[in-house]
Amino acid sequence: MADLASGSGPMFTDPDPEAARRVFRKKRAAFEDKVTSVRDAVARFVKDGDYVASGGFGANRISTACMHEILRQGKQDLGFAGHTTTHDFEILAAGNRSGRKLLSRVDAAYIVGLEARGLSPQARRVMQSGEVAVCEWSNFALAARFRAAAAGAPFMPMRSLLGTDTFQRSAAKEIACPFTGRRLLAVPALYPDVSFIHVHESDPCGNCRIRGIAVADFDLARASKRLVVTTERLVTTDEIRRTPEATVIPAFCVDAVCEAPFGSYPGNMAGAYFSDEDHLKEWLEVERDEDRFEAFLQKYIYGVERFEQYVELCGGAERLKELREMELHPGL
Amino acid sequence: MPDYSATELSICAASRMLEDGATVGVGTGAPCATAMLAQKRHAPRLLVAFEAGGLAPLLPSMPISVGDSRTFYRAQMATSMGDVMEACQRGMMDYAFLGGAQIDPFGNLNSTVIGDHERPNVRFPGSGGGNDFASLCWRTMVMTEHDRRRFVERLDFLTTPGFLTGPGAREVAGLPGGGGPHKVITDLAVMGYDPETCRMRVESLHPGVTFERVQENTGFELLQAPHVRETAPPDEDELRILREEVDPYGYIIGR
Amino acid sequence: MADLASGSGPMFTDPDPEAARRVFRKKRAAFEDKVTSVRDAVARFVKDGDYVASGGFGANRISTACMHEILRQGKQDLGFAGHTTTHDFEILAAGNRSGRKLLSRVDAAYIVGLEARGLSPQARRVMQSGEVAVCEWSNFALAARFRAAAAGAPFMPMRSLLGTDTFQRSAAKEIACPFTGRRLLAVPALYPDVSFIHVHESDPCGNCRIRGIAVADFDLARASKRLVVTTERLVTTDEIRRTPEATVIPAFCVDAVCEAPFGSYPGNMAGAYFSDEDHLKEWLEVERDEDRFEAFLQKYIYGVERFEQYVELCGGAERLKELREMELHPGL
Amino acid sequence: MPDYSATELSICAASRMLEDGATVGVGTGAPCATAMLAQKRHAPRLLVAFEAGGLAPLLPSMPISVGDSRTFYRAQMATSMGDVMEACQRGMMDYAFLGGAQIDPFGNLNSTVIGDHERPNVRFPGSGGGNDFASLCWRTMVMTEHDRRRFVERLDFLTTPGFLTGPGAREVAGLPGGGGPHKVITDLAVMGYDPETCRMRVESLHPGVTFERVQENTGFELLQAPHVRETAPPDEDELRILREEVDPYGYIIGR
């Protein structure tokens, strides 16, 4: 096939599995206690200029605790993978204010929106300013990029994106199938420098269980050069070994384990608590006015030291009890 | 003859197009309400899939996110995004049911930017799973409000494929064969596509709506099906299920 | 890259996802009761000339009941995917005797052996006779072929097999990576006509759970044009819906569900029963002598109507109680 | 000085090569016994992976199959073949530990056929996961009996890659860089590979074994390491663990 096209979008990460193999060769600690604090994990594993990815989907099972800490520690010049990132993206976008630039490049499949809740004014300001380099993808394309990296392959073949401006603005390439001759899309492996995944249960070594949908986290965990896990609760390795088929992320992929109860708040955590729609609405509301937003961030993020304090400010145990009710009785 | 809103009418009209035993990938909002109505009324065996991994849930209420815990509540399987998307790529999903966006005569959609891509006037979320659903499912259904800002001759950005530039263009581009846009349901009419030209055509007008009014609200020339019918209005039963069971709080139908 | 090589092995199945899409489009029954007998499932879903695949690994979680039935019904001219197929392959190889030809083509990664137990004389006779066309692969390569088919992609890129005679005798191709220029292996999608997978639990619609390793069955189930599931026990759909994350195979991939307690016997079934090493040894022993083998097959397979009768002949409840003990107390 | 069999010696010698904290993909038989011995003696944090999906089990006894339930007994994860193989491809597995086969001077292995492929004199199982492990793990260890039928100048069939035709050949073929054969442990000696030529060389001789005897039992010319040592014999502790805990029924060590 002569007329194979290439997307013109920027490639933010190196898809070469040989480079990745040299990094992964050093990841080995399957039996090591990796329990640490969110603050120390972010300080130790996130460097300015890193390419970051966030697990979960939308405002569901996201590592809010780590997103806040990245903002609080004032990390700069980060790349970010946006496969239906909603509130997590909204938090990081708050780092691009008053001359600061937390986000400098984004692989975008779904950003700036919060699904049925509307669009984030702050995220839109940032993404419309031209200060952030953007490469376009679809959710499946980004998931396939993590799949390729997790497999240790430089790319994955797939069949969407073709024929659209989304492809033109991506860093994907058209290829001819060696067996059928068909035109296919090849998406490059995406190895994030560091990823943050919130789970229901982890042991101190990082063997993790997830309730409900895994979204792309099976692959994201394996694709990441460094992986910080936050968990609703710590369980023993003995408990993990009772049902090994329930493990989704094995310890040897994990670099840090942080106990973070309600760590997805104000997002949803399956079986634990529903999303706090009032607080999410407040975020969208205050973002309209830069001064109010500044005060809001002071109160909830910059003004506190730990995520637990934020949860307290948002209503603490009382509010979480309500959200638990909503989660357990979804018909109401 | 019950009274009903245009939104209720379009949801009811769309739900009748989802036959029992079919498989559909849905987005939040009206598409999800439509699928829920179909399940509760005439299509109990309609398999609903969500891009984040929810497969055949017993939806207890309207999801706020296509990945929230309602989307896999008592599901047959809570799986991964890749597994759902690969099922679409394998050819197992009949319908992609997408929400509002900028749409052109060939059913192509824009949900990325208005204006220049580097420095857009408006940045929208982007494809999400929309491009994948519309590329890989057999038939794409779109629900949106009907106005000239949405129905445009030329998109600022082609995010999600319809028929692209016309007959055969999807196959030439490498997309799976035999798929493409199926229906567009708005507050004014139901549109399909002309088999010869792949251009949008009016197939049924909602009660009291003239073709002229639809054309006025459309930024490109609309074709007409050989026999333009009147959209059958919702019956008591549909409205009761929609109002009492599907959307009791009126998130979508707004009341 | 100018010198890209291709394996010279035969391609037994069509890797084109377009052809497969037309078949999968008709697979829809997510809510249908598919409970039937092993006999009827094999009679209905296996046609002479079909390409067949078997789930599990080695003699572990295999659908022995269906392998026996295929032999009993005298199916002919079958293709077979051999990714560490041991006792299942041994059973089918018994169909290539006295002029009959059950197996005519095999994609081989691991065949004729039973791991630590030794090689099957009958399987070796068949594979050394030249009457069966063979294409060579590795276990990962066959798993990747199922992965490609499950994904609806015509191939998967990977990095083993390269440089070996295994590659030369495969139907794989070398490709150049569109992003890194590296030489890669491309393996073609493998869509079996019909597959047989034994699971721990299935509901009547075919939503399945597996205890322990899934091996390649997640992908095999999705790659198969027709899928027959045998299950240790039937559970209700209500039970399946309680923990949707535990489902491995969703109903809309399944064509038939057969309740087959001890259905993997004499193989191992995790948490249920260990393999019957005495009986497996007897198989290998009697195969040395064609007459004794004939009598053995008469007694255990051709002479009975149902798999349950075979289990009875092998010691029934008493023997299974012993194997359960061995499984639950593996230290002993 | 305890008495011990050649098999016991080679298992003990091999197990000392597996350092604590390493990751190893093992086959059944001697390799598995070796890994178990290492875990129980000096490498409690040795991560053992089985190709069928068992990850870091607490092996209660010797598996009969690399997929039987012992291989994921109280494991950290019971996963898929693809997940384990992809971990190898990603570069996370230090050692591939393979069993006996026909081997050549460059450490290439044959486990497919003797004679012509279409109509072989002997059909062996084939690659299984051997080719993948040896292609994708960093270092390949092989345990086999030492005789001229096994150690041959030319393989009938190159199933599994060693150094292929010599230095750089793996990389030219497209295999991951920096990997390849590491050690061959037999009942007579421990062999490694000459860094210049990638040809097999004797590194240590088991007590009482001469180089000449090893060469006699090898179908190609063996090189010698600059300083050929004597293989350290097993100590009481190793033998006790091996005999009482690892292989009490003597499946491997045969007693």
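Here the chain labels run A, B, C and D in written order, and each chain numbers its own residues starting at 1.
Heads up, the rule we're going with is that a contact is a pair of C-beta atoms (placed from the backbone, for glycine too) under 8 Å apart; a residue touches a chain by one contact, two chains touch by 3 or more.
Quantities reported herein were computed from a predicted structural model and do not represent experimental measurements.
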Partner chains that chain A and chain D have in common
C
Compute the distance, rounded to whole Å, between the mean C-alpha positions of chain C and chain D.
28
Quick one: report the Å distance separating chain B from chain D, using the average Cα coordinate of each chain.
57
Measure off the straight-line distance from the CA centroid of chain A to the CA centroid of chain C, and report it in whole Å.
38
By the touch definition above, chain D meets two or more other chains at residues 72, 78-79, 82, 89, 136, 176
Would you please write down the residue numbers of chain C that are in contact with two or more other chains?
17-18, 151-153, 158-159, 182, 184, 212-214, 244-245
Is the chain-to-chain touch network here best called a line, a ring, a star, complete, or other?
other
Spell out all pairs of chains that touch, sorted by label.
A-B, A-C, A-D, B-C, C-D
Under the definition above, what is the set of chain A residues touching chain B in their complex?
56-60, 82-84, 86, 108-113, 115-117, 119, 123-124, 127-130, 134, 136-141, 143-144, 147, 158-166, 169, 174, 182-185, 212-216, 218-219, 268, 270-271, 274-275, 277, 327, 330-331
Footprint of chain A on chain B - complex, ascending:
28-29, 51-54, 60-61, 64-73, 78-82, 85, 89, 108, 112, 117-132, 135-136, 157-161, 164, 169-170, 172-176, 251
Could you pull out which chain A residues touch chain D in their complex?
17-18, 20-25, 27-32, 150-153, 205, 207, 222, 237, 240-242, 244-245, 247, 250-252
Complex interface listing, chain A residues touching chain C:
15-18, 151-159, 173, 175, 177-180, 182, 184, 186, 188, 210-214, 244-245
Residues on chain B engaged by chain C in the complex (per definition of touch):
21-23, 44-45, 47, 55-58, 72, 74-79, 82, 86-92, 94, 136, 138, 176-178
